[in-house]
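Note that chain A is present in both complexes that follow, paired respectively with chain B and with chain C.
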Partner chain A sequence: MATVTIQVNGRAVRAEKGEMLLAVLRREKIDIPATCNHEAVEAFGACRLCTVEITRDEWKGWKNYVTSCLYPVEAGLIVRTHSDTVIELRRTLLDLQLARHPRTPLIQQMAAEYGVLKTSYEEAPDGDDCILCALCTRVCDAMGFRAISTVGRGHGKRVAPPLDQPPPDCVGCLACAQICPTGFITYKEFGAGREIWGKQFQMVTCTRCGAPTITREFADNLAARREIPREYFDVCDACHRAELAGTMGRIAQWNREEAAR
Partner chain B sequence: MKITSPAQLSRLQTDLAAQDKKLGKKVMICCGPGCLANGATKLVQAFRSELEKKRIRDFRVEALKETGCHGFCEKGPLVVIEPQGTFYTRVTPADVPEIIEQSIRGNQTVERLLYRDQATGEPKTTYHEIDFYRKQTRIALRNLGKIDQYSIDEYIRVGGYQALAKVLTTMTPDQVITEVKASGLRGRGGAGFHTGRKWESCATADDWPHYVVCNGDEGDPGAFMDRSIMEGDPHSVLEGMIICAFAVKSKDGYIYVREEYPLAVQNLQRAITQARAYGLLGEGILGTEFSFDIKISRGAGAFVCGESSALMKSVAGEVGEPRAKYVRSVLKGLYDKPTVLNNVESYANIPVIIAKGGAWLAAIGTPKSTGTKAFSLVGKVRNTGLIEVPMGTTLREIIYGIGGGILHDRPFKAVQTGGPSGGCLPADKLDLPVDFDTLTDAYSMMGSGGMIVMDERTCVVDVAKYFLHFLVEESCGKCTPCREGLFQLHELANRISDGRGTEADLALMEKLSENIIIGSLCGLGKSGPNPFVSTIRYFREEYLAHIRDHKCPAGVCTALIRYDIVAEKCDGCMACIHACAVNAITGRKGKVHVINQDICTKCGACMAVCRRDAVEVA
Partner chain C sequence: MNSRLVVRPNLCIGCRTCELACSFTHSADGKPGRSRIFMLDGGHEKLWVTVTCLQCDDPACVKSCLVGALRRNEQTGAIELNQETCVKCMACVAACPFGCAILDHTHDRVVKCDLCGGDPACARFCPTKALDYRPIAQAAKKAG
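Here is the complex of A and B:
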């Protein structure tokens, strides 16, 4: 990868050619809002909040507005991350999100940062916390399950398992719930069981301490795909750590004895 | 039978042409979408059984042809007797015996079925004499109405696949691209990108395989250009695609057809099967080394899948959502490989460009928008139908010259071009030449060729509301500005139409529109506010009338209008009383009728049935 120089808010910044602009801006500690971006999944360009103004000398004053999460860096790029137009766009986007999700803390807080305390539009009476960032469906995809997806389109789009039934391909790994930025995706845990998307799972329990580790389906799947021995999951993380600590302690002891000798 | 050499193809053509000459008279029945809806199938059956019954000597079954859309949908079902060109309009099965007697047995015409000139009332015997046809130049639609839409032999008879033979035997891929570039052909799907340049980018991309895809996802309300070509002349699309595949060295092609076009799927599939049987698709086309095959991919009825990146996702079996195209789809398209995606009409132009040369096409139209463009001319215009005119033809010529003017001679108000995300152009733009750049400069666009004419009884707020609603429904919902922004824009338009709007709402709509345009991910969102942006530009006064005066000048927005019966004109015929679905009108025979405003739903049925124009709207 070649290193190139671009200009960000009047400052020269070095970056790798082809890396995404948002990564460069974040590295430079520039505050760029985004709700659909996460290092675990590929950039998507849905929330549009990371839009910035770009131009080049040879464009002779012509400007373009691009989502920095998806824009590959190249030499000679001139970027403005907070021009009036960009700020106005972000304000409008957050205003729209606030109308749809008036009671979602993440949206309220992000909107407030851009000076939007109350939406200009009519608040959705049934506004829920799903901001359609699609992080859940994309992380499910990245995990290799594709158990859930967005369904429908337009204003009626939502995240759901196929036919709103407990998803056959879900292994209960919780990646979707953990990546969800608003806590919309919920799950229940009870003893040696877990429920998400209406599907119930039995947990593998630690053969040493009896604590639940991961679901049987997830353990079987990981064992089958990644050649991690299935037995590995019969011991919980805490016990694995305890065992490791014990081993490390013994090695340290042995080292000390060795040095003394 | 496989055709294994260009020479064999030429022999076949000569034979087919000679056979056709021997047929004598031919009955061409239009089986395009409009005529089918008006009962063309029954007409075909009527002709079949009547000809069977009469056993006319010399008339062969092959001489009864079911053609693609002839274009003059307003007057359908259409029947043409060739080679004379006798043109019958609004034909019903009951007319069939008379047509057979007069025009097939004899050499007479059935006068009552002829088209009558609008101005003079004179009957016109052939379609060549009618302005609607005379003022057109047909390239993409060249075979519609001229050949049987189900037969590959018919396509070959009129010179089909000769361009392919020429390409395979005498041209290199580079020469094909040079020829297409010389023609100046720009994408007929709406964006107007140079077809030749697109092919060149794909051909030179060093990433394999290359794909050739045809966009048949025509989704604009009221548009049926591509549909008519896919149904009525499917081989012209196949031939265009095969030539493209040769130029960009592709082996696999896909035609993406929307679910709502079952007949197009059927006819294309039949055409593909026929072409394979003749060795025009598949391994070793026409006995050469070149191989290429086409599959049909059916959409599931989403407007957004006409957008290139969403279309390719849909073909690949994924959710039809667009992606950011900072890397163009010609380099990273279907399955992330270089892909040429052209519209149906663009492909249909290709065989002609190869046969007659790029310079021939470049001489038609304007320097920057060459060739012709097909439009579906609909709305409040006399002659609705499918037309094709040289680029640069004025809107006036299309609407008045070909379209015959506005229904009931009412004043023209606006014409919507470019589909839902196009724009409305007012009367002072009637003399604009129709080409890609002029329409864009006038804040509308060419789009795929929908053209909806509106008269003074059309309310622009209502029109904006209608198209915004369409786009809200059809937004894929991936990105915030399009999903939420168009929704709110539509809500605000509703407020204005209901008389609850304020001037602050109008300002909010304008600001919101700007941000949707800047912020959206794909073309649908970026052009989504156009129904509002173009109408507010040219018809601000009408919006203000809704807001300030709580009036809908066109008499459309139900919250702002009332229907009244003018006592002096009403003769008490009871027609409106019978027509009213909610019993809002009272009165007795011979007495003046009265509309009860508390019950009236403002559907306008009373106005439509009144013969004395006694119902007024205000």
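Here is the complex of A and C:
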């Protein structure tokens, strides 16, 4: 990897050649809005909010607008992150998002930051909180389960398990719900059980204290795929610590007795 | 990796200063974080054991992480959790056989000991040197 120098808002910035522009801008503590970006998954370019203006000296004044999450850095790049056109672009995007998700706090807040307090388009009467960032499906793919996916196209596009049935490949890890930026994906937890995507799971319960940890499916999957002894999952973290303290205590006590002798 | 955090239960007086040092070192948004070090009952009279991440050679937490959020910092030898990558699936919390990856409820994040980037606050504040961060050659000699 070679280090290159680019210009960001009139300032020289060092970056690794080939890394994505958004990562560089975030490292420079420049506030770039984005709803579909997360370090656990590859960049996707769904929300378009991280769009910035780029140019180069040899372009003789021509400019281009690119999603910074998908643009690899190269030497001589000249970037403006908050030019009038960029702000106008982001405002239009947020205006459209606000029309489709009028009651979503994240969108309301991001739009308000760009001065859009009310959408100039017709509000969707059935606007839900799913902004189709696909973080949930991408993180599920990245973790190797591929239990959910986007289905349909255009207006009908949504996230769902296959055939809207409880997904057979889901292990109930809740990564999709945790990564969802708007909290649209919901799950239920009851005692030693959990339900997500219409599928019910039994939790592994600590053999010492009975506390639930992760789902049985997830524990079995991790043990098999990552060669972790399955019995590691049978005890909760607090009881594991107590066990370690007991072992170290026995050794310390033995040392003490040896010293006294 | 030149130094190691040494725990000597026989010197511990059970004051929990290490837990406080940890909490305040890892505070965020003006709130102390959950301590990644635990002062526990050693099972004998006047015996306390501080339990914290052992930074295993073959770590179950790293193996269990399906998004690659846990990586060893080659400089300090500590396994560090990247909060930006973590998706809070709780795999590492469940997988660690010593219970040293934990959920910080206050900040809703998974946390584990990162040796404070090479200068662990718990060892710095320990009044009896029951916790000591020192070069490996020295640590091995004293322990042996």
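Going forward, the second predicted complex is superposed on the first by the 240 of 261 C-alpha atoms of A that agree within 3 Å, B and C clash if a C-alpha of one lies under 4 Å from a C-alpha of the other, contacts with A are read in each partner's own complex, and residues count from 1 in each chain.
Keep in mind that, in the parts below, a contact is a pair of C-beta atoms (placed from the backbone, for glycine too) under 8 Å apart; a residue touches a chain by one contact, two chains touch by 3 or more.
Just so it is clear, the model here is predicted, and its values are computed rather than measured.
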TODO: Using the touch definition from the top, say if A:A219 reaches chain B (first), chain C (second), both or neither.
DONE: second
TODO: Return first, second, both or neither, reflecting whether A:L132 touches chain B, chain C, both chains, or no partner chain.
DONE: first
Open item on the list: Taking the superposition on A as described, I'd like to know which of chain B and chain C A:I185 touches: first, second, both or neither.
Closed with: neither
TODO: For A:M110, decide between first (touching chain B), second (touching chain C), both and neither.
DONE: neither
- [ ] Please name the chain, chain B or chain C, that touches the greater number of residues in chain A.
- [x] C
Open item on the list: According to the stated criteria, A:A40 is in contact with first (chain B), second (chain C), both, or neither; which is it?
Closed with: second
Task: Touching partner for A:R250 - first (chain B), second (chain C), both, neither - done: second
TODO: Using the superposition on chain A described above, determine whether A:I32 touches chain B (first), chain C (second), both, or neither.
DONE: neither
Task: Sites on chain A touched by chain B in the complex - done: 44-48, 51, 65-67, 70-72, 85, 88-89, 92-93, 96-97, 99-100, 120-122, 132, 134, 149-150, 152-157
Task: Partner chain A, residues of chain B touching it in the complex - done: 302, 304, 319, 323-324, 326-327, 472-481, 483-485, 487-488, 491, 508, 511-512, 515, 518-521
Task: Touch list for chain C against partner chain A, complex - done: 7-10, 38, 40-44, 47, 49, 51, 60, 63-64, 66-69, 82, 84-91, 93-102
Open item on the list: Please output the residues of chain A touching chain C within their complex, sorted ascending.
Closed with: 38-41, 139, 142-144, 173-175, 178-179, 204, 213-214, 218-219, 222, 226-229, 232-233, 235-246, 248-250, 252-253, 255-256
